[in-house]
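Listed below are the structures to be examined.
One chain, chain A, links the two complexes that follow: it is found with chain B in the first and with chain C in the second.
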Partner chain A sequence: MQPILEDFLTKWVYPVGFAGAGVDFRMRQTERCIPVWDNIVAGALKTAAADLKSGRDDWKAARALAGYAVEGPCMSIKQMSTQILSVTVDEQPKYIDLQRMRARQIWDEVKHGQLHADVLIRGGWVKREEELMDDPRANTQPKLAYFGMTSMFPHIHPLARAGQHYFNEATACLSITATLSVVDDPLIRHQLRSQEVEEMMHFMEGKYQIDAYALTPEDQKPIEEVFDFLLKPWASAPTRALGGAGGGEPPA
Partner chain B sequence: MKVRIDQSLCIACGLCREACPEGAVHPMMQEIHHRFEVIEKECTGCGECLPYCPVPGALEQYET
Partner chain C sequence: MARLKIDHAKCTECRMCYVACREINLNAVVVSSTDQHLLEIDDRCIYPKCTVCLMYCPAEGSIVESDTGRSLVPPPPEVWTDDLRWPRSAASKAAEE
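Moving on, here comes the complex of A and B:
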């Protein structure tokens, strides 16, 4: 197992605030996630090393464009509004802490989009963020992504997003740590440093939501279905921003 | 004339960044709290950002 993953599991995944059916369920799902997370760390380390070895700078732009595609204003609004709307008005009291977490995440995602744009501006690839609106690399993803609307509507249950938070935000944490362990570049650190903390908070939201809410088979089902989706080989690859293969390159 | 941000008052809303016609307002480099800075050499001192700032005194125009 990659040491970065081992450290993450020890510090953040296994410690629990309380016991119960939700925790047991999360631990079972975690066992499914670990081999995929391990591959993702290995991939992020390999990509970071290859990027550095290229001797060019355009990989930073590719990472920033792909980052903007998943966290820029367009995708932030789509993904977060879908999350917020997954809780109906009559269910608001029951899920109010989920809604508060999601409201906070809207702020984070927009700020991350600004950082991706700032890397492109400071690096001289664009003059203004508005230019990104005309660039498909900054607005599209090559895979059927869980951040996309097509994948969200089938998982509209209020708790479904907990699975996404748990799996994907862990992927983000691990990929960022792996990348920063290899790449010591001011622009990349600028892009990822605040995200390193905030993706961790998003992961912890998913962890809390599963532990606290996934108490019955009925509550666990929509979350487990999300893991079933996310753990498919074509769904789990991270974005180019985090060392994966998705996005940021010129359209074929 | 130039514009600068008083970090003790700024709430990091980013409206000045949106308003600046020169793109002179940036997230501060490697700063985890998402604060902003005006890059002095990029600022023309036009002051278009000033009316957008919701916190009195957080943006200030100064003579160079």
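Moving on, here comes the complex of A and C:
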């Protein structure tokens, strides 16, 4: 196991505040996630090393454009508000803190979009953030497993996003740690250091919601379905429809 | 005197501690009357008998022991032993609601 993942598990995954069905369920799902998380750390280390070895600067712009596509205001507001709206008025007493967490996260994601825009501005690739509105690279994200509409609408239960938070935000934390362990560029380090604690908060949203709310088979089912989806080999790879290689067989 | 306190130099005000403490009806994490609405921990905190908030805090070093200043985030192993876990079941949650 990658040392970065081992450290993450020890510090942030395994400590539990509750005892009960939610925690037991989370630990079972964690075992499923670990091999994928391990590969993601290895991949992030390899990518960061290759970026540095290239001796060029364009990887910084590519990363920032891709980051803006997933965390810019447009995507952030759409994806987070959609999930907040998945809580009906009747269910609000049950999920009111879940709504608070997601409302907070909208602001976090929008700030992260600013960080990516700052990289592009300070690096000289654009003069103004508004230029990004016309760049497809800053407005499309190619992964089915991301929080975008592809994975959101089939998994619209209020608790479904807990699985997305738990799996995907862990990958964000792990990728940031892996990249920071390799990349010494001050522009990129500034962007990653500025966002890493908030990514951890988003992971904690998933951890907390599973521990505290996923207490019955009915509560766990929509979350487990999300893990089933996210852990498919094709889910995390860029989709062919947006120029990716596909990353495995499509769903039957 | 509160047994835990928040280090505002490190806290990001994400409010996970507030949510966790509220969920178990201790309500020891409060929104202060500062312009920034900073969170504080008051004397309803029963640490070390309860450590739930520490398990969901994402910001290293942001919750500390009041007496010693020792950081409890990420939580050291001795604060999340089996006997410190808050029982959580569908029945107990329904009863709270």
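Criterion: the second predicted complex is superposed on the first by the 234 of 252 C-alpha atoms of A that agree within 3 Å, B and C clash if a C-alpha of one lies under 4 Å from a C-alpha of the other, contacts with A are read in each partner's own complex, and residues count from 1 in each chain.
In the analysis below, a contact is a pair of C-beta atoms (placed from the backbone, for glycine too) under 8 Å apart; a residue touches a chain by one contact, two chains touch by 3 or more.
Model, not experiment: these values are computed from the prediction.
After superposition on chain A, the partners chain B and chain C are accommodated together without colliding. In the superposition on chain A, contact is made by A:Val197 with both chain B and chain C. In the superposed model, C is the one of chain B and chain C that contacts more residues of chain A. When the two structures are aligned on the shared chain, A:Arg32 is found in touch with neither chain B nor chain C.
By the document's definition of touching, of the two partners only chain B reaches A:Arg128; chain C does not.
Once chain A of one complex is fitted onto chain A of the other, the partner contacts of A:His157 are absent, as it touches neither chain B nor chain C. After overlaying the two complexes on the shared chain, residue contacts for A:Arg189 are found with chain B alone; chain C is out of touch. Of the two partner chains, chain C is the only one touched by A:Pro93; chain B is not. Residue contacts after overlaying the shared chain place A:Lys111 against chain B, while chain C stays out of touching range. Here the apex is the CA centre of chain A, and the angle it makes with the centres of chain B and chain C after alignment on chain A is 80°, in steps of 10.
When both complexes are overlaid on chain A, the residue A:Lys207 reaches chain C alone and has no touch with chain B. Between chain B and chain C, the minimal CA-CA distance in the chain A superposition rounds to 7 Å.
Shared interface residues of chain A (contacting chain B in one complex, chain C in the other): 197.
Chain B contributes residues 14, 17, 23, 26-27, 29-34 to its touches with chain A in the complex. Interface residues of chain A facing chain B in the complex, by the touch rule stated above, are 111, 114-115, 118, 121-122, 127-129, 186, 189-190, 193-194, 197.
Note for the complex: chain C touches chain A at residues 12, 14-16, 19-20, 22-23, 51-60, 74-75, 80, 82, 85-90, 93, 97. Looking at the complex, you find that chain A touches chain C at residues 11-12, 15-23, 93-94, 97, 100-101, 104, 197-198, 200-201, 203-205, 207-208, 211-213, 215-216, 219.
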